[in-house]
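Both complexes shown next keep chain A, but they swap its partner, so chain B is in the first and chain C is in the second.
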Partner chain A sequence: MLEQILAASIVLTTPILLAAMGGLVNRQSGIVNIGLEAKILAGALVAVIVSSATGSWLLASLAALAVGAVIGWLFALTITRGNANMIVAGLGLNVLVAGAIGFILSWQYGTSGTLRLPDVALLPHVLPAAVAEIPVLGRMLAALDPLTVLAWASVAALPFVLADTRFGLRLRATGNAPQVARALGLDARRIQEATTAIAGGFSGLAGAHLALTSIGLFNEGLSGGRGFIALAAFYFGRDRPWPTAMVCLMFGFLDATQIRLQTAGLPPKLIGMIPYAMVLAALILASVRNKKRKAA
Partner chain B sequence: MTHKNDHAGVVLGADRLSKAYGPVQANRDISLALGAGEIHAIVGENGAGKSTLMRMLQGMERPDSGSVILDGAPVSLSGPAEAMARGIGMVHQEFMLAPDLTLLQNLILGSEPMTAGPLRRIDWAAAEADGKRLAAKIGVEVDWHVPAGSAPVHIQQFTEIIRLLRRGARILILDEPTAVLAPPQVEELFALLRLLRADGASMLFISHKIPEVTALADRVTVIRRGEVVFAAAIADTSGEEIAGHIVGTEAPPPPVPLAARAGRTGPVLALDRLCTGKHQHVRALRDISLTLHAGEIVGLAGVAGNGQSELAEVLAGLRTAETGRIALNGADLTLADTAARRAAGLGYISADRRYEGLCLPATIALNTMAGSQRRPPVARGPFLRPAALLQGARARLDHLKVRYGRLGDPVSSLSGGNQQKLVFAREIATDPAVLVVSQPTRGVDLNGIATIHRLLGDYRAAGGAVLLMSEELDEIMALSDRILVMADGAIVGELPRGASMQEIGRMMVMGADHG
Partner chain C sequence: MADIRFAAMLASLRALLVPFAVALILAGIVLIVIGENPLAIFGLLAEESFGSARRIASTLSSATPLLFTAVATAICFRAGVFNVGVEGAFLVGGLAAVFVAFALPAGLGITLIPLALVAAMAAGAIWLWFPGWLLARFEVDEVVSTLMLNFIAAAITGYLVNGPLLSASAGNNMTPAIHDAAHLPRLMPPSTLHAGFLIGIAVMVLYGLWCRYTPAGVEGGLVGLNRRFARAMGISVSGTMITVMCLSGAIAGLGGASHGLGQLFRFSDAFSPGYGFTGMAVALLGRNHPVGMIVGAVLFGALASAGTTIQLFSSVPLDLVDIIQGLVMIFAVMELALPRLRRRRHA
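Up next, the complex of A and B:
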């Protein structure tokens, strides 16, 4: 039972974690990206299509990454060059992408809501099946897929990237004081465009993970608000990689137990509310804490 | 064309620069020569054209005619980035530091030292060594690992200066660098600047504090109304001579004839030994006592930063006095909030029109009626009556002949002069006993200035009392019944109407010298 929950938690955490890491970098450079959801969805669709066409999970993931990054970059242009309000533009992006996907599904595939394609290659497991025999952690280790490994590798790498690389320092300066970055000759807009593309790429991978983990199909409700849960995670984690990852893990764990609780007979709709209620609680808590910090 | 040799030995200079914004000639034929290893002070009142000149020297503005001289030859700079690349660094009044990053991160931002090898990262050890070396040279202790926003102001400024040096600046333009510093820190800054001068750096030092100029600079150029009116080596001039040139020697504009007073008389506002708390060992206000009578305008003259704006804030209720008493028509307002002060009959015209005087994105109607929204006729119980609000706004604006498009337009659509007239219309609508007026004509065109002066005169004639703070000495002289001079947060003297500029200027400078 515990082993199963651990394994499910780690897998369910991955898409949230990927999107949150991208969004965190984006927010550190000064852009609150509420369009993560759209890029997750687009990434999932592209992953299913490419995986079916090529039979390669790797190409599918790369395609999802590329599409997410391009959407993110275009989204950034509306903010940096078009002076759009980032919240309104982000909301608009979510609606636009959802609409475009519905259109593509009915136009190209003659279906609505769900896209089933033949021969979708799923994400492989990284470790040999034999590791499942290890007590407690075995099933979790056996469930590891390449994108999950990548997600946690990014958590480990990001503190270094943000603190010790030129790009990291410059993007933080841009987020903290854009006029200072400009005064020092940095191109604040290009930095923000780059981080938004990164957030898009990570969200695209999150979509690929959702689509290619076990089901191998695309559904319009597949992202299920994970872009917003990721947003809550890095808000609560105050844009720091490890604390944010821990919040993501908590959401993943909730997601996993929720499935358990449903099978245990609790009303599924009520259980389904839990992650979102948690997001709300997390945001309230985070803002209360910020207020205290300012007062101190 | 000027022959090249005319500029030999000039590190940075201006050759007959002119720049106009619309009808306003901000700079006219300004020439200036900064030599190597020299501190050259540029002085003049607010609006004299100093900042326009600096912008042209940095390439942020293109001159209409004339040219910028760099290293003896005319250049055309594309902007601050190119100016920096060519060794011209600017120390802004508002520091260019990211507040959440540490001082060290700010120091290297934009030109980070990197480690060698395959995994190139920022070489923090080298960065810190750099910072320590520069700090040691100047004899300043810096904790490089605190966030810039929580470092003391003079350390922030120091970081900004050595960041420019680190990036290869050999010419520094310092825009009123002492405005934010306490006196002991000013001494430290001057020691630093002298050290840099000894190392061969050249500096343009923008200021309007005469004692600082005579203490620090090698040469001085005085700008008045966009033109160079005086230039000399410091050794050949004196603070009084500089002060005289700043305020001008020509006769002041004809004073607004002070009409006979028709309304109230007698004392209305009494300040008794007001002091503000100590901030970095300095009190912004020290023992301010004064009495303001109905039907008089009292001008507060002083070099900027000697407590005038703090006094305005204390009177308006935006800053609290530590000791002392404020009484308006006998009622104690020392601890009253802004609403209570207004209700008691105090009007306030803030120097910061854009943020305190107005809410720029809000409509003309709302800005005009703000403060009157809780009482009839605008309010009926808890509800606003939009028709009454518009009607009230129209009446107030028409009364002062403010020109506007529609009442629903944002107030930012008005010109500076009309914005200020709107503020006046709002503040005098409730017939206050006292108006505290700070920099009433800042950013206002000539016609607007005349109107605002007339409004102040009318208000006085009707029995109003005005406390007028202005950095424009002309304005104080033209409007005031008597003039109080402030220096170092205290009132150092009183002069009657008709006192000469030289007299006032001397008192402003001497007061500052005694501090």
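Up next, the complex of A and C:
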């Protein structure tokens, strides 16, 4: 049973983790991205369509990445060039994209809510099936797919990218010390547009993972608030890659054990509340601590 | 003086109509792409939402919840408090009102209505007092706290209507129906337009008077314009924040009560299809002004009520309404090129 839970946790963590890593980079550059949900959903739809048309999970993932990045970039323009409030624009984007997806489904495919297409290629497993024989970790290793590997690779790479590369330093300056960025002559708007596109691309991949892991179909409720849970994760992890990843893992574990918790008598609605309540708690703790430090 | 006021009115009218017009143009392009005639579709929309007394009533009925959620949003936005938690307070207030209206003895008759309204306002006010207090006391970012509280409100109410408050007869996801005596009267049967609409208009008017003629209302506006200046004038900024959050919650809760007692007569999982967020779009469109918000609420009400018929009479999917709403929200907060060009010419 432990093996099963481990494997399920890892798989269920991936979409949250991908979106959270993108959102984290975005927030480090000064943009709180409320529209991750929209890009996850768009990525999932595109992944299903492309996977069915080409039979290639790779092309499907790339298409999801591209669509997410383009939506993210357009979204960034409303903020950087149009001076839109990022929260309202993000909420508006979620409504707009959900509407656009519903529109496309009924106009192009004549369905509402769910899209089933033939021959959808699912994500392959990275390691040979034989690894499942390894005790405890075997099942988890066998379940690894390319996007999961990519997600964790990005967790490992991000601390370095943010701390030691030119791009990382510049984007952090843009978000944390705008006056420094200006003094350096950095174009803050370009940098924010780039990071929002990155957040969109990662969210698109998150959508591809949701759609192509086991079910191979698209549903309007597929993202299930994961964009907001990712937001919760990087708020809770204070925009640091490893702590954020650990929070994502915890949410993935929660997701994987949900069915078991339900049979143990916990109502599912209340389990679903936990990530949001945690963010609230973390937010309060952080602010209280800040306040005390200021007072001291 | 009259000139200035006229110019200001013109400016706010433009602020209201430009985002809506841009959104309609983009939606029109979408319609052309799928091979529909946008003018015909928009004509049908206008016809279906304003073409007869019955249709106007149905439009106003759809606009009713938005009147409340728009004021609830505006009262905070104008004080510079970025409350996005109206949706949650609407749910909490709606459930509180419905609970009072089915759980108390039916013998109370129409006194059930004021009891339910007060319960809803109290529940909503307490719900948003919490993030308001956190903001005033500990500077907890109100955007994230209220956003999270929306999910928590949806989870708690969802749990209650699937568990402890589940109706024994109606299957799942809903409470028992409220007592007949607690129904808000219908204004124009057979349409669903109910007395909640009048309450909503009254709330709008009171909000306008509050902003202009009460110390708390004026202080709220000053805090929104310039926090430091307000503090220097001796206004309690944290007190104002808590006040506007509580008022926002009470109004949103009242909106939930109106929806529960006037429209649905029970609380279910699908109680609000996002009235809190649409209300935010309305508040932004109307620039927190009562008249602007009434116009905005009616426009969105028209979209919602005509959207269903549009699907019956043409091949255009209902989701077009969501597309327009999302675009309006985005364009309402963007500085569109038009006003910016003008300012530059003046400089």
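Here, the second predicted complex is superposed on the first by the 259 of 296 C-alpha atoms of A that agree within 3 Å, B and C clash if a C-alpha of one lies under 4 Å from a C-alpha of the other, contacts with A are read in each partner's own complex, and residues count from 1 in each chain.
FYI, a residue touches a chain if its C-beta (ideal position, glycine included) is under 8 Å from a C-beta of that chain, and two chains touch if they have at least 3 such contacts.
If you're wondering where the values come from, they're calculated on a predicted model, not measured in any experiment.
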Partner chain(s) touched by A:Leu184 [first = chain B, second = chain C, both, neither]: first
Dominant toucher of chain A (residue count), chain B or chain C: C
First (chain B), second (chain C), both or neither touched by A:Gly82: second
Partner chain in contact with A:Ala98 - chain B first, chain C second, else both or neither: second
Touched partner set for A:Leu169, first chain B, second chain C, both or neither: first
First (chain B), second (chain C), both or neither touched by A:Leu117: neither
Contact set on chain A toward chain B in their complex: 160, 164-166, 169-170, 172-173, 176-177, 179-181, 183-186
Chain B residues within the chain A interface of the complex: 80-81, 84, 92, 96-101, 105-106, 108-110, 112, 114, 120-122, 124
Complex contact set, residues of chain C against chain A: 30, 34, 82, 84, 134, 138-141, 143-145, 147-149, 151-152, 155-156, 158-159, 162-163, 274, 277, 280-281, 284, 315, 317-330, 332-336
Contact set on chain A toward chain C in their complex: 32, 34, 78, 82-85, 87-89, 91-103, 105-107, 225, 228, 232, 235, 267, 269-270, 272-273, 276-277, 279-280, 283-284, 287-288, 290-291
